[in-house]
Amino acid sequence: MGHYILKRLLSLVLTLLVATVVIFVMIEVVPGDPAAYMMGLSGSTEATEALRSELGLNMGAWDRYISWITGMIKGDFGTSYTYRVPVSDLITDRTLVSVPLTIYALILSTIIAIPVGVISASRRGGFLDTLLMGAAQVGVAIPNFWFAILMVLFFSTSLRWFSAGGFPGWDAGFLECLKALTLPAISLALPQAAILARVMRSSVLEVMNEDYIRTARAKGLSKGQALMRHGLRNALIPVLTILGLQFSFLLAGGIIIESIFSLPGLGRLVFQSIAQRDLIVVKSIVTLLVLAVVVITFVVDLLYAAVDPRLREGKRM
Amino acid sequence: MKLPLNFIIGAILTTIFLCMALLSLVWTPYDVTALEIADKFQAPNIDHWFGTDHFGRDVFSMIMIGARNAVMVSLVAVGIGMLFGVPLGLYAAAARMNGGNLIDEILMRGNDLIFAFPSLLMAIMITAVFGPGAINAIIAIGIFNIPVFARMTRGGALGLWSREYIMAARVCGKGSMRISFEHILPNIANILIVQATIQFSIAIIAEASLSYVGLGTQPPDPSLGRMLNEAQTMIFFAPWLAFVPGGAIVTMVLGLNLMGDGLRDILDPKLRQRKAREMEASNAAS
Amino acid sequence: MPLLDVQNLNLSIHGVEILRDVNLSVERGQVVAIVGESGSGKSMTSGAVIRLLPEGADVTGSIWLNDQEIGSMSEKEMCTVRASDIGMVFQEPMSALNPVETIGAQVMEAINFSEPGLSRGEVRQRAELALTRVGLPVERFPLTTYPHKLSGGQRQRVVIAIAISQKPALLIADEPTTALDVTTQAKILNLLKKLVDQDNMGLLLISHDLAVVAEVADHIIIMKDGRIIEQGGGKGFFDNLQHEYSKALFAAARKQREEKFIKDGEDTILEVKKLRKDYQIGRKKMLRAVNDVSFSIRKGENIGLVGESGCGKSTLSRCILGLEDFQGGEIYIAEKKFNGEKRLRRHISVVFQDPYGSFNPRHTVGRLVSEPFYLLDDQPRPDQAREQVCEMLVRVGLTEADIDKYPHEFSGGQRQRIAIARALITNPDVILLDEATSALDVLIRDQILKLLSRLSRELDISYLFISHDLTTVKNITDRILVMKDGTIVEEGRTIDIFARPTHPYTKSLLDASPDINKVIAAETVDRTRENPNENIF
Amino acid sequence: MRIILCSVFMFFLFPLNIWADGINVGLQLEPPNLDPTSGAAAAIDEVVYGNIFEGLVRIDQNGEVIPGLALFWELSSDGKSYIFHLAEGVRFHDGTDFTADDVRFSFDRARAANSTNAKKYIFAPIANIDIFDDYTIMITLDRAHPDFLFNIGLGDAVIVASESAATNAINPIGTGPFRFKRWVRGDRIELIKNNTYWGAQARLDWATFKIITDPLSAYTAMMAGDIDTFPNYPAPENLFLFDRDPAFEVVVGLTAGETILATNNKKTPFDNILVRKAIAHAINRKELIDGAMFGNAQAIGTHFAPNHPDYVDLTALYPYDLNKARGYLREAGFPNGFKASLKLPPPIYARRTGELVANQLSRVGIHLEIENMEWAQWIDQVLRNRNYDLTVVSHVEPMDINIYANPNYYFGYDNADFQKIISDIDKNGNAAGRAALYKEAQRKIAEDAVNGFLFQLGKYGVWKRGVKGMWRNYPIRSNDLRDVYIEDNG
């Protein structure tokens, strides 16, 4: 197992390195000059030039890549062109919104999806099953940003239960923030929950066909007991993968949701930074997101091993 | 054989939209490029089934064309995904089966790399680099379809390579490429078809998202996503402008997903095998 | 009043009749065997008793266990019955255990359900006891062992431990040994028998193989098409069988090999010299699957390659077929060194075990059978090809009409015939039969074997018959190679091997392999309950 | 003991105070940083101008120049040198004193070679700066520049302290009536009252600028009461919803933003005046204003703010007349029109107007390929490399008709007569003469149909009833809150 982890870590680092190159090249070819952007319609050329040199934009590409990488390794992501503050500060602020939002959404979708999946699996073909899975189908089909708009319309404008958007900041108190994150979390969670529920259902059905369930029944366990004691843990294995994927998806996928609820999250920051050509921010964030994805997949694999002893010796399936 | 209900419903919905899309090529109730400010914000009525927008355009016509654009973009995007992904997957599997683990590793790591990038974000980047527009939206979405199909193909292929009929073919001295296309591809075709429908629906949502942020199909061509975006601020006095395109997207995707599920029930060999297993279990010793 | 008494049991699933008034009874300490081919309904009978049936099952008739009618019990009551009165052992030991739970946990769970309210310690002791009794002493197999660490036989023992740990009155074993090697099979059967005697349980043993049960069963029930066609036990049961089918079954089980003249001085068409094949497992570990194996086949000669799973026989066969490269040694086909050349391939063809997996489901029989033409330099014109395929089909006992059908339209036996046709189409010198009959029912197997020996006589081709089962090989081969752990431990003429095996492993194989003749022989002498190898731990 | 009581008391009082003495201001664009002397983002001025930073002079909501840190000033007869008499006892928010040195520092900094000031040209004419004493300073120009006084009232010319200049981007230190408290990036910027302000104290205890990018949430935020005032509400289409709601007040003013169909005069066929005239005739301003701005804008016929005294209404010069348009096209040799591109920047007004313009021009056979782009790309392609045919954009700089005199500006309008007019204005000291010249300039560019002159961008103020003292107009981009107060619940 230890050797396995080591191997994975190595490929993880490799992936990241390649990723940074890809990102950097991509950023390089993005047209549009941050300095010119900041100078606006009436900006004089020499002022722009001055700004360029101030931002260190007229270094060679290679040098910039190296300094970027070495900087990141040291934890220094450079200074935002537009905000003029350390990128790392920016990112930490935004992460403190995006990550909680993501986790919130994931928790929501999980607590919705798992029971739904199990129930409709055990009621397979029954009315409840058809109903729930029908709902899930619709859930998958709804674009989350549209759903978000509808929710704003309903809860903020009509009912005025939640404030329309914005984020008070954690010093304003946990509950306040939770409240601010609720609508966004729901609009993120719903489609994910729908997907998750479908996966859960099919994997439960799969498991219920296994021989060891029959063995358990022969021991005298009722269908339900067999499912709970032997089915669930095995059924959760595929669900883990989806959860992993969803976490990384939500982390970056919040862009539109964040702007609809005007949340100061990573997604919005990166979107805005692309528009403002604050490229140093863009590449750092994208790198971090890639890192997140890679790490999460890694963690999920470790979780597999935790759930499934067959993998503890590093046997891959 | 009796078709499952979800397939029937899905097929119907999908055909409706496809017909609308095709019809829009030759005819729409109104010309969506002609702006008539005079009759803007008309609520749904006999003349304008889904009302008119802030430029006085007929929403129904826009939906028709918007659906067409969505379908077009998604189709090509998924097409790209299959065109590159499937051979890649076949090749990787064949390579692994013939001791070329390294090639396989590299290809799959490459896949993981693409997977590791946040797709919507990358799409935005790509469109930021090459400028917004349908073509670039297609590319952006297509790229992220490649690894999906590559993985699926490889997985299915690996499963088959250990089958005895593949060995039989190899005993007959057939090369791995020949085997891939003669024996393997036909036998994974069905799962690929199913996946294609799923990806198709995902692509439609992706296209909607992209044009919602203004990076998809460009005006004056209507696109469902941008219609939603424009409708946002008018939702309070012209709600239909938001509900209609949204509903259109949902029904479209719903249709495709239902059809995909139906197809899976019909085609998916895994499921059929399990059915077979249950059957055997019920009337045979093994 | 017997322990288990099933009275005119009828079962249908989704309206399809599976069982038709089945009557049987099991006494305490008695071993009752149900024998029948696939689809005879033998498993469903046991399923009906413990009431674990697929959806849509509809049962009528009465099932008495310990003087209580369990047939009409509620599911809830049934759970307690399963927990305490009935234990069950299934066919697939590999999948019958929950992979993510320790064996201890799974046994202890069983105990908890049969006797709630036992202290944790007691449960633990009971579990250890049960495992020890089935031959998994705690010292070597602690309760914390996970199933994937165990071999098939050991897992089956765990399943048995689970069953007996509940102190059931009735034990049901549904094909408990079919998935296991011959030697393991014998051990498991003996274990079951021993446990039955010790705990004075009733054992309902289900099998497709008459020979297997003949040794252990006190009472034999033969089923066909959901009906019991014959049952009886004790002395002379076999001598006065009534029903044709059971006679045939019996004959098939005990048939002796009709001698075949072995030619000498024929030129060798396949020669394997010091073949060595290693597998890389993990970083540095090496597994030597085939270790300096040498043998040769002369024209028209039929060779049996016998060994248990994992002995390397299939690896060897894949090497010979040019499907895998090997580290050492050479293979000569028709005196020419072979490593994958097309023109040499045509001398050797193959028939695989799985009659389901060995055809591309999307190709017609015509296309399947003519696939090997790909090997020929001058490939026949389509019409010629079709012609040849047709006559080949007829030759293997199918009809010309079958040429346009798809594989799934055929039964297992027919499929093997198709496979044989495919193997013969390029008239090779050697056909490699890889467990070619293992997946078939006894009678079908018999037919296929007949066909094979006929063909070998007619076409004067050789077989390399790879099997785990000596008895199958016995009836078709002239020479036998016994393989163990990658090396050939014994080689000789079939008759000699069976008459006087020299290597202990061969001996054990012979002892283990179920042979109804022994039973008959035994019966003529006074029947003894003595088991050949009692000490199975 | 008393302290505890006190604090408890405060605790209960505090929230009330918040609602009473503070204001939440909605802002659509977040300023990239808070240093108005670097970069051009209007959003910076919208937060800091007049609130945190002040210049020697100030510009009020009518575009008039009024005293700022300079209480009064004298202009030499040759119009070259100004003597500013500075307010005394002024302190920067960090406690440092404000003196003439700060003025010199600020101006020298803006003039320096490595200056990143977007409006460097303001300081170009400065010949030298003489300090008489701490509170008297003379600035001498190379020649008379009548606009100079107005220009140093702009955000780019605010006075900063040498100690804090470098860090103003993130921690602005000015002399204004509000001081910077904190900036939750992406969400809000908090200002609090500067109790040591040298002039008339602000009437609010605090002001928070909330960044609300999404027009939908702009509406919901107003409705939900998260926002007290939206000085420039981003979605004109639903202004009427607030209008009919008694809880709100809608004040539609004007900005200095002339929205034009900018035309690449150097590129064929647009170098042909006939084509430009055709376009002018093909444009239906009313339809644009109704369709794109939902009636909330004022038509213009030239590049000049309609609320300026010297404005000339030239909208009738090229009335909407398709036949005339077609005629000019025929004359120009395009009987069945031509194809061209229309590059549109992000703002909603530009996108909507663009779509309508494209539609209108198509009526005379000019088919425009719309290309939506981000500012970065727009600036790159259109502004810098002049790689465009047509674009729609709003020029928000006040009194910026002189850009037409720059042949290298992206219009590519190179006309000697016009350049002469502008230089005359520059030299001419007398107000009446200047007015006449301005009028002439307006006519000139209108007749040459340099660009399509569409409408003056409105300023859509929406605030709760009772919010008083907000600016009606945007002569410059500023939300000067010093006079703002909340009438009732005060």
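Order of writing sets the chain letters: A, B, C and D. Residues in each chain are counted from 1.
One rule holds in what follows: a residue touches a chain if its C-beta (ideal position, glycine included) is under 8 Å from a C-beta of that chain, and two chains touch if they have at least 3 such contacts.
Owing to the predicted nature of the structure, the values given are computational and were not obtained by experimental measurement.
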Which two chains share the largest set of C-beta contact pairs: A-D
Centroid distance [mean C-alpha coordinates] between chain D and chain B, Å: 46
Mean-CA-position distance for chain C and chain A (Å): 51
Centroid distance [mean C-alpha coordinates] between chain D and chain C, Å: 88
Touching two or more other chains - residue numbers and ranges from chain C: none
Interface hub residues of chain D, defined as touching at least two other chains: 214, 216, 219, 346, 374, 377
Numbers and ranges of chain A residues touching at least 2 other chains: 31, 149, 157, 274-275
Complete list of chain pairs which touch one another: A-B, A-C, A-D, B-C, B-D
Parts of chain B lying in touch with chain D, wherever the complex brings them together: 33-35, 37, 40, 54-55, 128, 131-132, 214, 218-220, 232-237
Residue ranges of chain D in contact with chain A within the complex: 30, 32-33, 35, 38-42, 113-121, 169-170, 184-188, 210-214, 216-217, 219-221, 223-224, 226, 346, 374-377, 379-380, 383-384, 393, 395, 397, 400, 403
Of all residues in chain C, those that touch chain B in their complex: 13, 16, 18, 36-44, 53-54, 57, 91, 174-175, 178, 206, 208, 318, 321-323, 325, 340, 342, 345, 349-350, 352-354, 357-362, 371-372, 374-375, 422
Chain A contact footprint on chain B (complex, rising order): 6, 109, 112-113, 115-121, 124-125, 128-129, 201, 205, 208-209, 212-213, 228, 232, 235-236, 242, 246, 249-254, 257-258, 261, 274, 277-278
Residue ranges of chain D touching chain B (in the complex, touch as defined): 214-216, 219, 235, 237-238, 241, 287, 290-291, 294, 346, 351-352, 355-356, 358-359, 362, 370-374, 377
